[in-house]
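All chains are identified by letter, namely A, B and C, in their written order; residue positions are counted from 1 within each chain.
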Amino acid sequence: MDFDAFDRRSFLGVAGGALICTIAGQKYQLNSEKDVRRASAALPVPPKVKAGRDNPTVTKAAVAGNRKEYWIQAEEVTWNYVPTKKDQMMNTKLKVGKTAAASYAYRQYSADFAQPLGPATIPGPLIDATVGDTVVVHFRNACSLPVTMHPHGIFYSAEMDGAYKGYYTDPGGFVQRGRTFTYVWECPEGTQGTWLYHDHGPMDPLPLFRGLYGPMIIRDPDEPLPDREYFLGFATASPAYLPTLKTSLFTINGRAYTGNTPSMTANVGDDVAMHVYGIDNDFHTFHVHGHRWKENGVVIDNKTFGPGDSFRVRFIEDNPGRWLYHCHVFSHLHQGMSGWYNVS
Amino acid sequence: MDFDAFDRRSFLGVAGGALICTIAGQKYQLNSEKDVRRASAALPVPPKVKAGRDNPTVTKAAVAGNRKEYWIQAEEVTWNYVPTKKDQMMNTKLKVGKTAAASYAYRQYSADFAQPLGPATIPGPLIDATVGDTVVVHFRNACSLPVTMHPHGIFYSAEMDGAYKGYYTDPGGFVQRGRTFTYVWECPEGTQGTWLYHDHGPMDPLPLFRGLYGPMIIRDPDEPLPDREYFLGFATASPAYLPTLKTSLFTINGRAYTGNTPSMTANVGDDVAMHVYGIDNDFHTFHVHGHRWKENGVVIDNKTFGPGDSFRVRFIEDNPGRWLYHCHVFSHLHQGMSGWYNVS
Amino acid sequence: MDFDAFDRRSFLGVAGGALICTIAGQKYQLNSEKDVRRASAALPVPPKVKAGRDNPTVTKAAVAGNRKEYWIQAEEVTWNYVPTKKDQMMNTKLKVGKTAAASYAYRQYSADFAQPLGPATIPGPLIDATVGDTVVVHFRNACSLPVTMHPHGIFYSAEMDGAYKGYYTDPGGFVQRGRTFTYVWECPEGTQGTWLYHDHGPMDPLPLFRGLYGPMIIRDPDEPLPDREYFLGFATASPAYLPTLKTSLFTINGRAYTGNTPSMTANVGDDVAMHVYGIDNDFHTFHVHGHRWKENGVVIDNKTFGPGDSFRVRFIEDNPGRWLYHCHVFSHLHQGMSGWYNVS
């Protein structure tokens, strides 16, 4: 198919319970992995991707500074968004129907993809760098559809942005099944912070809403490491994108409801960091019971954030007990967006 | 009933105009106070609550620093969200149907609940403390369902958080009808700010969405008092939780539409503080006509905030006239979220 | 009609595809310009407007400091929200139905309305002032309904706020078809910043949601000018207010989808300013690929903002290539809220 036909795809949303997209004028369902495979096969390949597909020279990039190297694969996974089927906050056995769904997840491997370092997880593995480092991510796609890794915050050249850009797409913005792309990202002064990465490929936001996102940190070398740190990704798991779900589940790190979401722990006296990001269509707030922190000299205990936002909360732990942390949007809280924070 | 049965309640939302919840597998309507009473009777009592219910030692806590003592009762009240039935901003006689609804409200009493210090109000009474104080709130519940007081920003031990936590619930997180609990909260350095308190009991968010929230301030002793100050709680009054309402009313301090919401006043030269908080499922912005203020050195006249957020706007009044203040979300503004600010 | 009858108008929202409002107890459709004319004729004229309508003395105000004078007319215009019918980001020929709609727009004229300085545009012309200036806007209304100009951030007396305030409305808050009002606004120290202006008349938000908004800047004289600057207004174009549209279009500067929205450009080394504001019912985030900036010492690349918020992003350009900028709410992004930023 001629890429210049200028008729790629647009999601038509959910029709009769089925997620539909149009590619080159033809409609495709996107419910099962078979559907996704069929739709993906119809996607025209952008010209720069076509030219670059057998040209792995990008993976031989000279790398400045300290090299932080990752091997990450995007995989199909059945993910259970509420493994316990219970909500400890409400002491409730949940009646939310099936909570497992065909999803996608990033999975970390040892060098040269020799072996997985653990299961595929939602969110994906932490990318952990320090100002001065160069991050090299060898990315392999084992999903049926083209997906990518697009990072926030870190410095990268335009070919390394992992974003589908139509005609102008670089090879890293359209990584097909079975193919590898090596992203080289840099951490100069001015990139320090709490960040995230996520798919930004031609089927966006489908793969992301099925799990392709993860946390990244670029540490300031002049700042002491915290004693404890947690990375918390806030995202809605929606039946529109995960058709086996019966209801929207408001997840933290891919799990909904207290006892399923991360149970954080700390000791009194610990220097605690919580790294929070949002990655769905909703706005959230982050609230921790019994704790507060300073933002620009103002004391707060609740913070609004939107999709793509990421921030760090940091305090010296001074308050033992069993605490709740949660999104303070009540409808989100009561659909799963809460967890325990236990301080000894 | 065995509390470990792990089958508490989950709201099923509105079905056929009736708010429904499930407790221990059985459905209960929550529309009338009689419904609420029946549902509440079915709520199993958490073990620590059961053990503590005849043990009032918590009320005898030693209190450090200056003691700020409050007697506050949660009551059933019929609240009129639009008493004038008019919108002065639009010079409109409103056609929004019945605007009174069976609600809940906190009410302040004199020492030992001798007598009320005024009517029950939405929001509840201001809790006003200064860094170094200890706040002691003798809380009594006169509502049919268990409710609580959960504060933001102030320091409190885990037993004093006023939050329902399922099996782990402390007595202050499940205060039954006719019972009293004394919350002891502290104001060390690092708690100063504009805060709020609200129900966080086992039926959350029902009691809160029917009115159980209020403002709190912890003053910095090194900062001069303003000449005028106002506390403004932004919250949606929704027919889903207030079934006699015909439409959502976007309220400030429990009232919707200009002339019903607070009409603030000031004189030129006054040091004016406006304390704003959000306590519903929505995000809002706070905008004052003809005025601006600095936030971290940047001049703004409009500020986004979410549920649980609270902040202070402060400026020296320099602009006489009749001004509007409002949420800049147009659909909220035109459903009641605006008021007068009159400067002489 | 007696203005004191206190029965002005309230939008009843969309009924059967038609936008309906009530004025003095009678229903009016607002779809066609003829509808709007009929509804507007029924609007009672506020007393101060009636008294002031033949009294143009307000236009002779003494003006302090440097005078920045504008002649701006509000006009009816057919606006195409997606002129190319394509989305370059997705390389998609869009199937979104008719994308042109009867709209309103501000248009800049030369002195004394001698001649237009270009077409009417959504958003309207930039109002560009510096601290110390006085801005004088001669505003003329050529639309069928009364409209106004209400500014953010700048200093203005209550009669100059351009806001409908029911009985208390000043002449500048109700400018009828064919009439002129001269707004005098001042820029003392403490007003510097990125701002906006918009209609705040008696039919608010209809005229605004059909295009009556624009950018304003008050420059700090001590700050160097950027090499490049862009003003970006984020707003939903909704079929509820633009009935010829078939679907909501999420626009930046009145255009939806990459290739229609502003294509910004810069050179490496440029001092670049992006001025962003939101002016609809939605919350958005602003994200630029491959770039980041500091806010209060924290590095960010994504920022949440709400209706009425305005802010400036500024950085020294260091990263050549073709970049996307977009709202990170995925449903907004994929309904048009993205654009190119090309750096040489």
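By definition in this document, a contact is a pair of C-beta atoms (placed from the backbone, for glycine too) under 8 Å apart; a residue touches a chain by one contact, two chains touch by 3 or more.
These numbers were taken from a predicted model, which means no experiment stands behind them.
Relative orientation of subunit B with respect to subunit C corresponds to a rotation of 120°, obtained by superposing CA atoms and rounded to a multiple of 5.
For the pair subunit A and subunit C, the fraction of shared interface numbers is less than half, so the two copies use mostly different residues to meet.
With centres defined as mean CA coordinates, subunit C is found 35 Å away from subunit A. Multi-chain contact residues of subunit A (touching two or more other chains): 283, 296, 304.
The part of subunit C that touches subunit A in the complex is made up of residues 86-95, 258, 283-285, 287, 289-290, 292, 294, 296, 298-304, 319-324, 328-331, 333-334. Of all the residues in subunit A, the ones that touch subunit C in their complex are 3, 6-11, 22, 44, 46, 150, 152-153, 155-159, 161, 163-168, 190-193, 195, 202, 204-205, 208-209, 280-281, 283, 296, 304-311.
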